[in-house]
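Chain lettering (A, B, C, D and E) follows the sequence in which the chains are written, and residue indices restart at 1 in each chain.
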Amino acid sequence: MILIIFSFNDTKGRTFTGFTIKWFVQLFHDAAALDALWTTIVVALVSSVIATVMGTAAAIGLEKMDTKLKAVVMNLTYIPIINPEIITGVSFMLLFVTAKKWLATMGIDFQFGWATLILAHITFNVPYVILNVLPKLRQLDQSLVEAAMDLGCNPMQAFLKVTIHEIKSGIVAGFLMSLTFSMDDFVVSYFTTGAKHQTLSVMIYAMTKKRISPEINALSTVIFIAVLAVLVTVNLLERRNEKRLKQGSLKWKGGAAR
Amino acid sequence: MRNDIIVSLKNIAAEYDGERVIDHLNLDIRNEEFITFLGPSGCGKTTTLRIIGGFVDPVEGDVFFDGKRINGLPPYRRHVNTVFQRYALFPHLNVFENVAFGLRLKKMPSEQIQKKVRAMLELVNLAGYENRNINQLSGGQQQRVAIARALINEPKVLLLDEPLGALDLKLRKEMQIELKRIQQALKITFVYVTHDQEEALTMSDRVIVMRNGEILQSGTPQDIYNEPANAFVADFIGESNILSGVMHKDYLVEFAGVLFECEDAGFEPMEAVDVVVRPEDIDVVPLEQGKITGRVEDIIFKGVHYEITVSGHGFNWLIHSTDSQTVGEMIGMTLTPNDIHVMRKMEEKK
Amino acid sequence: MRNDIIVSLKNIAAEYDGERVIDHLNLDIRNEEFITFLGPSGCGKTTTLRIIGGFVDPVEGDVFFDGKRINGLPPYRRHVNTVFQRYALFPHLNVFENVAFGLRLKKMPSEQIQKKVRAMLELVNLAGYENRNINQLSGGQQQRVAIARALINEPKVLLLDEPLGALDLKLRKEMQIELKRIQQALKITFVYVTHDQEEALTMSDRVIVMRNGEILQSGTPQDIYNEPANAFVADFIGESNILSGVMHKDYLVEFAGVLFECEDAGFEPMEAVDVVVRPEDIDVVPLEQGKITGRVEDIIFKGVHYEITVSGHGFNWLIHSTDSQTVGEMIGMTLTPNDIHVMRKMEEKK
Amino acid sequence: ETSHAGKKVPAYDQKYYSRFKGKDVEINVYNWGEYLSTGEDGLMDINAEFEKLTGIKVNYSNYETNEGMYAKLKSGANSYDVIFPSDYMISRLIQEKMIQPLNYDNIPNFKYIGKEFLYPAYDPKNLYSVPYMWGRVCIIYNKKLIGHEIHSVDELWNAKYADKILMFKNSRDAFALALEKLGYDINTENRKELDQAAELLKQQKPLVQAYVMDQIFDKMQRNEALIAPYYIGDYYIMKEVNPDLEAFIPQNTNIYYDAMCIPSDSAHKEAAEMYINFLNEPQVAADNAAFIMYSSPNSEAVKLLDDEIREDKNLYPPKEELKNTQAFVNLSEETNLYVDQLWTDVLSQDDAYLDWVMPVFVLFSVLVLLINSIRKRRKKEMNNAGRRKNDK
Amino acid sequence: MNSKQAAYPYLMWTVVFIAVPLGLIMYFAFTDMQGSLSMDNLIRAGRYSSVFIKSIWLAAVSTALCLIIGYPVAYLMSRMQGIGSRTLLMLLMLPMWMNFLLRTYAWMTLLENNGIINHMLGFLGIGHLNMINTQGAVVMGMIYNYIPFMIIPLHSVMVKIQNDVMEAAQDLGAGPREVFTKIVLPLSKPGIKTGVMMVFVPAVSTFIISQMLGGGHNQLIGDIIEMQFLGNAYNPNLGSAISLVLMLLVLMCMSVSGFLDDEGVEERLL
């Protein structure tokens, strides 16, 4: 723990020795950095949304599927999670290069870029959504769905009005996890990025291969503060929620005693 | 009165994974009746209910509702609502919205919903709980919400699958009374499932005793308790002494090596029969007055009565008595003819 | 017989986070006794058990075991074993290894372990289940493993914390008998916790009724049932009619506006008292013979008896009777002196 | 005409540069890191200037080495419009048809390229490339901490500097140093000589703190390392930060020419040519050369440079000083593969290896996987059977 | 019937984006640059067996250290209640949210000869340690980057160990040591398995940590693969062959350890 804080102190320290905010200013004027940030966010958002929708649907289907096929699909699903990242990255590169060549023979120009990044990110994100949603579906009290139908819902309405609420926490967790992994990913992006846009990670990687600019420290500082802010807010929100819940149940206890 | 029958199951059979769990079941449920399925776990009570509710399709036979065949009609098209065993309340909705669920689906105007939901919550004694979260309710309150939610759709038939199974004894007793009251107030048909015989006897107009997907007996609680169709029903419906006996002739049965007068007739001469004697029907008398005698093996105090085990005549007799005895002592027992229930031996079903 | 006492709690107090939950509790547990703590949720039953087991240290008072003070002795040094409410079986070990756990810790030779475990599994009716995984067992079977696991250490005292709480009714009844049998077979002291009064009455040699960390009454099931120390115990122990009354003088009490002879004495003149009348002790008589009269409000058939609610003299009387009545009819009721239990009003504890 | 650093320079040809205005053209430029002026120190931000002038958007990314760039190109993952390979790599790209002939009509500023840089050996007909920068490999060292001047490549193998030596992280440059030390031709295809060079590099390895490219800046500037071979232009950048640094240029050192080329799969060749042309605008080239401190082949630009730079003997040496230097030429495909292999070996250091190891491992692991899954299934079945039996 | 169809898009997806790419690796591994069948790559991959061994060794060391450090941390966290454990978990996650490369970069500046640590050591008079670009630095980087993957599965298993199971063990005569060896340890085994796998796999295949903290002469198998695809020695066929071997290695570890057999892997993987 000390090391973590220490290491960031250090980077910050280096940033502030003499240079002050010049590098921050520069960072925010650096078109490439801003573009990378934008790319990272777009790729993360788009891929997480698609992964969440597809993963949720997949989980629902898988839950109903017969065990053999399900086992096969689940094994495939584990692959992106447990396969070494570099192999995932490399295999995507091979896939997209092959696709590019094949499409070129048909006269279609296909370039590495957002599309490849997003496709790759979706693929390594979907498993996280599935693994988050499946347990929720398994815990889902089937009688809730039946109750909804009993009360007049057709199957689709039952899903929208009941099932989705029940598995919401899984879906949200899957989405957030996707978002995080997608933002943080370097290896897969490295092998699937295009010439036009780079993700932040790829850009940082390139930066580490160049003359070290204090910009990178400024960037660390900015990201660190952003992350800290997000985490603290989430934590505070959670704590408040918890308190509220506790109060709620206390009230209820009081009610029971009466 | 053909008209009076609201649900009718004709020759129903149901299977799970090719295994038959309901076999050629026939049953007519009368309008406004409180009918209870009673039977051990796995006997097919839930399945029968689900057939009526539309969640299970019978592989054979027909389901009629109000005279119309409704096989294949999906649950959301049936005028039947269900109260599920574990309530199955929607945790993301509050009490009001849970109850309003069915009405909202029907796109009823908001004020009307307000009014109806309030009235319904009133009925189940939950007025003022509208905005509570589901998980802020006790088990019994949740149960009431589940009932309100089902009833607000004004079903002709309400199906209740062990609705009180998850409640503790005290609450269960309370809710039994509550349910009965609601049923009588609304004059709706209740089809009720339980495996608790006391509950069945307490609440029902008619009890259906099931075993292995078959109906063993159907009748009023008193019928079932006092005239069980066979030893299984007798045993299931209350604690019993069940002995093998032989019917010497009408009104004379031998069991435990002794001849007894009885009130049963119509058996073959010397037919092997089951004899059922309720523990509370056995009178303990001084040793010399006893028609049967035995040694007191065990006494358990049960509050209202003592449960006494007496061995004698090759049988362990269970006796409920308000007087205690001394373990090890020899006592006598007597039976009057109407304490003795003679029934045909049940052919064992595989 | 000082010698006969195996566990003794002297002036015990316990706190959680500074909040007192057991207050100056005194209790002697006799060897080979089946003693049961009975009381509503949160009254401190578990805490008392944990004090004996060594999981909670009392902030005041002493715990004696076999005459020796054992405050502060860690659980693994006490000759006491516990059956936990949620079994707390080791999920990574199979049935055999769960039961063998304590023996293995004692480094007993393997064959001996084999023999003892098998014998113990035999005792709890689980022979042949040695290699089962814990999660392949039903609740009742798990319960038996938990018991076997505790018993194999040959504890002098076995603590059981609501061991049957998670089982369903039928299984619970079975296990009650099983537990009693085991206790009698092994002649071990059982300290049992439940909040089910029927269970307490059925199984125990002695029942301790607790509330708010205090002992309200301690006695045999019969004592407790028939001579409840106060209205709380009476109500908790069985269904009761509890009325406020006034003791006019010894052997004469007034309640429901009527003077009754009773068997109680030693109260102040005109002292306000609680009067408890068991539903089964009220005799229904023709209207004109009744000392009290009322209107039949409700009748429920309970199998063994009818449960009749009668309103009269400003009170809803609960009556158990083997004869049915007609709803709406006026009836009379009588009470004999020994049906009337007069008790001091309990001072409310904050 | 505008003035630049007090000297007259021609204005941009607005008509030529506005050809793509408003057409939403983007070009992908793939350059070495630290190899284009980014507009600090009052110099021009070249890409921004180009975008402003032409309306063409520049997607600019960097590579570390010729070989890395080649791999990226070869993999087919990305299409670039302008790349900056070095001499030998240009030959290779031409040979493999990975770059395309330029339309010099679209590059009027080609005229500023000094005559001595035309028709280079790597592009004999001068069809594919426009020279960008050139220079020599030198040994950069920290004179203060080492305590004396350095006059030999051998110092890179001097155990005294163990863990303070940096080394090239690309095969050609690294091998060139070893070959120079051995006195061999840096373009040798003789496997024995290459093997010896590889051996030498392996010997050096324990002394080397890190194999780097541009990370050298940081490490030398901050005294993390004491001695390292690199490109002379970069030395000046480092020296600006750390004045203790000195450079030594061996007689027979590698001289390199980096040029601008257009890959065969470029989709915007004309825009790419415009970019190349822009880089050869005298003031652009001058600013660029002043920024990266490499030697520019653009004679007009050189004229615009500060005297201090223009007269620096290391950057713009007299011809005779270059006569012993060696330029890279492309090697045969087999040699290229062989060098790659030796280089990987140097970095991963493996002497004895057995041909059958991996095939056998693959078979073995497949077998293990199979057996294990069968075993598991059997166990599960037995378990189930056992449970069923028990339940009965 | 109806809801099963919901999975079909994903089924297609798995085929196109999971199965086919792996097939391509296989294909490339067994063909040469001209596309004809060949074992050369696999044979050539043998050349790097010592790199494999080194990668496995370094990964194993880091995994072991992660376990040794992470286990007590996870245990303490699992026994803590409410705010304490959540704050700790947050502190643990904090660097995880930081960009991986920036994190490693921060270590680079820390470990440098003139970095903070050496400054402090010098200040304390301990002298100067050569840390950057050593195997130690690589292991350090691996531990730092991957220890959350050890702690999280351990924690999620440990919180499920109920107190009453531990009390039951005490009750049966187990002292603190026995409670640990006989209850806590075996019950956290699935967490150990997952944690070990989740640390070992990325550690054995990393190429950034070795590049940034290893100075390029501590080449690991990931570096070699990267080198064949986007690095200094373009040879995707060889790269695929090495990838294939690496993949099999990982699969084998998993199969032998029965990594995916335990219940609830899913939750622990997250």
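By our rule, contacts are C-beta pairs under 8 Å (C-beta built on N, C-alpha and C of every residue); 3 or more make two chains touch, one makes a residue touch a chain.
Per UniProt, the chains are A, E = ABC transporter permease; B, C = Spermidine/putrescine import ATP-binding protein PotA.
Being a predicted model, the structure only gives us computed values, none of them experimental.
Here the largest set of C-beta contact pairs joins the chains A-E. It takes 175 degrees of rotation, in steps of 5, to superpose the Cα atoms of chain B onto those of chain C. Note: centroid distance chain A (ABC transporter permease) to chain D, computed from Cα atoms, is 35 Å. Rounded to a whole number, the gap between the C-alpha centres of chain B and chain E (ABC transporter permease) is 59 angstrom.
Chain A (ABC transporter permease) and chain E (ABC transporter permease), compared by their mean Cα positions, are separated by 19 Å. Note on chain placement: the centre of chain B and the centre of chain C lie 29 Å apart, centres being C-alpha means. Each of the following residues of chain A (ABC transporter permease) touches two or more other chains: 93, 191, 208.
Among all residues of chain E (ABC transporter permease), those that touch two or more other chains are 229-230, 236.
Those residues of chain C lying in contact with chain B across their complex are 169-170, 196-198, 201-202, 220-222, 225, 237-238, 278, 280, 298, 300-304, 307, 320. By the touch criterion stated above, chain E (ABC transporter permease) contacts chain A (ABC transporter permease) in their complex at residues 2-11, 13-14, 17-22, 24-25, 28, 83, 86-87, 90-91, 93-103, 105-110, 116, 144, 197, 201-202, 204-208, 212, 222, 225-226, 229-230, 236, 239-240, 243, 246-247, 250, 254, 259-260, 266-267, 269-270.
In the complex of the two chains, the chain D residues touching chain E (ABC transporter permease) come out as 65, 67-68, 70-72, 74-75, 163, 169-171, 205, 208-212, 222-224, 337, 340-341, 343-345, 347-350, 353-359, 361-362, 365-366, 368-369, 372-373, 376. Residues 53, 55, 74-76, 80-82, 84-86, 88-92, 101-102, 105-106, 149-150, 153 of chain C are the ones touching chain E (ABC transporter permease) in the complex. Per the touch definition, chain E (ABC transporter permease) reaches chain D in the complex via residues 39, 42-51, 112-114, 130, 132-133, 215-217, 219, 223-224, 227, 229-236, 241, 244-245, 248-249, 251-252, 255-256, 258, 261.
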